[in-house]
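What follows is a group of structures, each given as structure tokens.
First chain A sits with chain B, and in the next complex the same chain sits with chain C.
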Partner chain A sequence: MKLTGINRNYYGYLFIMPFIIGFLAFGLYPIYNTLALSFTDYTLMSRDGSFIGLRNFEVLFEDQLFMKALGNTWLLWMLNFIPQIGAALLISAWFTNIRLRIKAVGVWRAIFYLPNLIIPAVVAALFNSLFAFYGPINQFMVRSGFMPEAMHFLQNAVVTRGIVVFIQWWMWFGQTIIIVMAGMTSIPVHLYEAAMVDGASSGQMFRRITLPLLKPILIYIFVTSLVGGMQMFDIPYLLTDGRGAPSNSIMTNNILMYMKFASSRGHIGAASAVGVLVFIMTTVCALGIFFFMRDRDESTFDKSIRKWFGRKNGNGNGKG
Partner chain B sequence: MLNNYKFNTTLMRILVYVVLVILVIITIIPLWLLLVNATRSTTEIQQGLSILPSTHLIDNYQILLSKGLNVSRGFSNSLFVALASTVVTVYFSLLTAYGIVVYEFKGKRFFSNFIVVLVMIPMQLTIIGFFQYMSRLGLTDNYASLILPLIANAGGVFFGKQYLESMVIQDLIDAARIDGASELKIFHSIMFPLAMPGAATMGIFAFVASWNNFFNAFILITSLDKYTLPMLVKTLRGDVYRTEYGAIYLGLALTVVPVIILYALFSRYIISGIAMGAVKE
Partner chain C sequence: MRKSIFVVLSLLVLASMLLAACGGSTPAPSTGGDSGSSTSGGGDAPADGKRVLKVWSFTNEIRTMAVAFEGFYPDVEVDVVYTMIPMTDGEYQTKLKAAIGTADAPDVVALEAAFVKEWVEADFLADLNDLLPLAEELGTFPAVIQVGSHDGVTKGFSYQATPGAFFYRRSMAQECLGTDDPDQVQAMVADIDKFVETAAKIKECNPDYFTVGTSGELFNPFLANRSQPWIVDGELVIDPMVVEYIEFAKLMRENGYESQAQQWTEGWFAGMSDSLVGADGNPKKVFSYFLPTWGLPYVLIPNSGDTGGDWAMINGPLAYQWGGTWVGAMKDSPNLDLAKEFIKFVALNEENLTNWATGVYTNEYLKAIDPTVPDDQAQAPGDFVSSQVVVEKITSTFDGSELYNWLGGQNNYEAFGQAAPRVNGSLLTGSDDAIQRALESQRDQYLNGEIDAATMWRQWLDLVRSEFPDLKLPEPPVQ
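Showing the complex of A and B:
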């Protein structure tokens, strides 16, 4: 019996070995390589470059465009994330409300999720056509009298940002509803029944029961959305000219990185520096939020669950 | 009193349905306009909005072909990359997840936590280092550079672990051991068939992720005959098609229709899969 114990350990390592090798070769080494390149003046044209220390980073911090890209990326992400989570909480609360008994929840949800499956490049090109000067949106707005004359939507910074925010929201709110709902249905119904007996209003129940117990899931959504948002590329790149037009209003981190990479000489050293800075910023924020908030919440989650049911029934899951 | 309560609930219910219908319209209308405009001629499109299809589908397709856009090659390229990505992701993710779930080994806890951390790391930002490394290995403009990294797909392992934890049957493994099956054989011939529903769900996500991937392919693939569909979309935005609205819409629609059909068939798995990936952690 002792022997099988040793055997098992050995096989555990064997099973995870391909992952570890794959990670070292295609995950860790590229991270190291990007960092190494960011200290050089490598270009695609020259086969080799020389070590220039922190010069790339100094240039970036003085570069207005980099600061603008950082600010834009945060802005575009936050403006779509807040309404996205808001809509998801509201609609999930409706869908799971026992009193309202909304019909065909599965169908509504399935429709809301559909845009997430469309190729983002296609979505960007589609909205470019829809909002073109001779496009359907202008036709509709002018014919129905909402606007006196057609306008160049995609030459207006505010409108263009609004379109990017809308697209991101449109593509992701359905998925957020599914996740939030899974979290809500995993909350034991007894909690609500007990609260109802005590005379709690639905608003109180939402704030005191639903939100606290949902926190781990909300953090998950928050972190994954942040990581995705900081790497936003396809939509703003293909919506306008690929350079963040009009007037850099939708220039994001990744577009700037790509522009340095694809510039006439291919400054991969400078492009790497953009990648490194945004990588550090995003990782610190994501892991910080995850570990800082999660630990505290898990204890409150466990406590509140234990208080009501003891440990055994506490592990509800949302797969039903 | 009770009547009032009932009345309020009904009112609320009506409000909810109105909001839901509005949201459905918002969700559907861009895609509907895309499909409709794919069947309309450029003049019709310029003349005004319509929510009903027209008769110029074939004409638009002729224009699309005449401009040299090889849609079918884009399709087969995308299909090849997506299928290979799916196979690699599903196999290696389940292999790794099985190792974590079934065996007790030193560092197992650390490794599982490490997977969670990896899910939250913005790997796309290391694409420049990855590109330069691939070009040293001579793997740029080669699909291998898109597929091989999926051997270490943290999201897949995370999902696989959630799934296997809910279904691994230790007795079955022990019985197979007594029959003299090797550990790898147990994984291949006993666990894998049992884990098929989870593998299918994971596979759908891996397929969609690869099918939709623009950024990595855009940087790593250079020759036109290797372009995947999202890259062809970029050429649709080029000057050649400047005035051919109908053809542009059709080109976009061609990439959307298969996805909608697949979704209609598998939506249940997809939706339960999203919930499964998120809950319990």
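Showing the complex of A and C:
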């Protein structure tokens, strides 16, 4: 009997081996290599480099552009994430509401998801043409009297950022709806039925039943969106000149990293330093999200804190 | 029972992994074998016994050259791998840099003027000094050699010379300036001050007329007339011409002398065919375009609609050159001898250059050599070649040609032939592309009034500092 147990474990390891190998080769090794490269002055055009310690990071923190890129990335991400999660929650609540009984939910969901299927490069090129000085938006706005004369939309920092935020929102809220809806439909219907019997309003049911039970899903969306947002690249890169124009207003972390990588000599060391800092920042923030959104009653961490201070607050039966 | 299923499954997984590993590794040794065997000239024989030369390019022109090369050397197969994103955001350069030293590295690379210096200054291209006597024989224009050389070593040759010109609409000149004669119009735009005066006249003549599509076209002409390159002894130099250019561009914008369409966008092209329509619904017209030799056959004529015959060509206010494609060989290429042969053919073969310029390489000609070429693959006559000997021989053949009529009875070859020897190739450096793109990125907002001059210069210097952390930067010219 004992032997079978060992064998079973052994087979288990065999089965997860492809993933482990894939992760080591394509996940962990690149991270390690990026970290190693970030301490060198390696460039593509010289093919050799020497260890220069933290010099790359020093240069980066003196670089106005890096600070600007960090700020931009956070701004662009938050401005698209908040409406995205808001729209997804609202639409999903409508779609799953048993009182509303909206028809053809699947069709709507597919329509909302469609923008996600278009290649970002195409979307960026499309918006670039739409908002060009001699483009259709200008033609329409001026001829129908909304604007006195044509303007350079993509030369204005606020408009350009707005376009990036809109594209990100428009492309990704369908995806979020699918995940949120999956979460909502997995909540047992009898909870809502019981609430209805007790005379709860839609708003109350949403706040007291849907939101708390949706928390794990929301954490997942929050973290994946954060990871994606910190790596925002294609839309802002392709919308203007690939250098964050106008006035570096849509320069993101990854555009800066790519610029350093693609610069005339191809400074891989400097580009890796940007990558390492973005990695550290994303990891810390993702862990922060897990920590602050954790289920306080079940967390062993909280229990140990409570034990430490000898306090008894709550008794763990809040969730019926 | 269950146990045996586990065993079978695990074996399957293991076997698939092994197969995957083998599949991944088999090509590697074979390419390694290639590089070993073919240095001797024996050839890395594919099935049909032909040698393969890997050529990377950002322009289809090189494909035409490759097919023609196959025709000249029937025993060689040239396999051309393209990256067709020429002058946008530098993807070609990035891909090329990443391929150095790998099995994917090409044997021959095409290098655009904007980044050829990076490569000539670096240590990856083969020394082509032994081809210099051939270049001398052909009278290759000095600027072409200058750009392809660094520290006395020539690493790239070009089949083109790219002196710039100024193309204008004859009908608009007649209407607004009273003449369409090239000599008289040249006198009216002989320098920047006169150019601006003429621009004012055109605006006065009709407010829907613009002198240029965008002042961005004049960036190159101004840069070509600097007295120093961008970087001297590790320090960035802001030449007075650069400052003057920005002031000039602002003046063009504020007085409405330019259409404000960005270069290479639909609006900019629309001006060439008279189909530009303003947001207010009024048709607009563009008087002139600053384009070099290649701009005529590749940009202006294909986009000119039915305005052919209404164009004329002069030198314009500033002598300049713009663009051009150089070809170099990778130093550690296993096919270096073949690569050199290819470069010799592309840039230093009198017959090829003559064919290239006179439109011999039609689609039928190329199809006869390689039936798989696309239907639009061909070389129209009129590209300006790098050899003075060839230029002098073929100039007269353009009299009365289609091009000649398109220019309202002007021989473009003659005009370019006079400009080409005067071009200065010594201002180009490997860092130009990044520095100039960074300035262009900031310029447009300044012209548009989004930021002031001081902010523009400061943000530009920030961008340059970010890209070249070790470069000493001067104070911005406007504070």
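As a working rule, the second predicted complex is superposed on the first by the 283 of 320 C-alpha atoms of A that agree within 3 Å, B and C clash if a C-alpha of one lies under 4 Å from a C-alpha of the other, contacts with A are read in each partner's own complex, and residues count from 1 in each chain.
Here is the rule we go by: contacts are C-beta pairs under 8 Å (C-beta built on N, C-alpha and C of every residue); 3 or more make two chains touch, one makes a residue touch a chain.
None of the values given here were measured: they were computed from a predicted structure.
By the touch criterion defined above, A:Phe39 reaches neither chain B nor chain C. By the touch criterion stated above, A:Phe131 is placed in contact with neither chain B nor chain C.
Look at A:Pro30: by the touch rule set out above, it reaches chain B but stays clear of chain C. With both structures placed on the common chain, the touch criterion links A:Glu149 to chain C but leaves chain B unconnected.
Of the two partners, chain B and chain C, it is B that touches more residues of chain A.
Residue contacts after overlaying the shared chain place A:Phe15 against chain B and chain C alike.
On chain A, the patch touched by chain B and the patch touched by chain C overlap at residues 4, 7-8, 11, 14-15, 18, 21, 129, 134, 139, 143, 238, 261. Within the complex formed with chain C, the chain A residues making contact are 4, 7-8, 11, 14-15, 17-18, 21, 44-47, 59, 63-66, 129, 132-135, 138-139, 141-143, 147, 149-150, 152, 155-157, 237-238, 241-248, 256, 259-266, 270.
On the side of chain C, the complex with chain A involves touching residues 3, 6-7, 9-10, 13-14, 17, 88-90, 93-94, 97-98, 100-101, 115, 118, 122-124, 260-262, 265-267, 270, 276-281, 430-431, 433-434, 437-438, 440-442, 444-445, 448, 450-451, 455, 459, 462-463, 465-469.
By the touch criterion given at the top, residues 9, 12-13, 16-17, 19-20, 23-24, 26-28, 30-31, 33-34, 37, 45-46, 48-49, 92, 95-96, 98-100, 102-106, 108, 111, 117-133, 148-152, 157, 166, 177, 183, 187, 208, 211-212, 214-215, 219, 229-231, 233-234, 236-237, 245, 248-249, 252, 255-256, 259-260, 263, 267-268, 270-272, 274-276, 278-281 of chain B touch chain A in their complex. On chain A, the positions that touch chain B within their shared complex are 4, 7-16, 18-23, 25-27, 29-37, 42, 91, 94, 99-102, 106, 108-115, 117-123, 125-130, 134, 136, 139-140, 143, 170, 174-175, 178-179, 181-183, 186, 216-217, 220-221, 223-224, 227, 230-231, 233-234, 238, 253-254, 257-258, 261, 268, 271-272, 275-276, 278-279, 282-283, 286-287, 290, 317-319.
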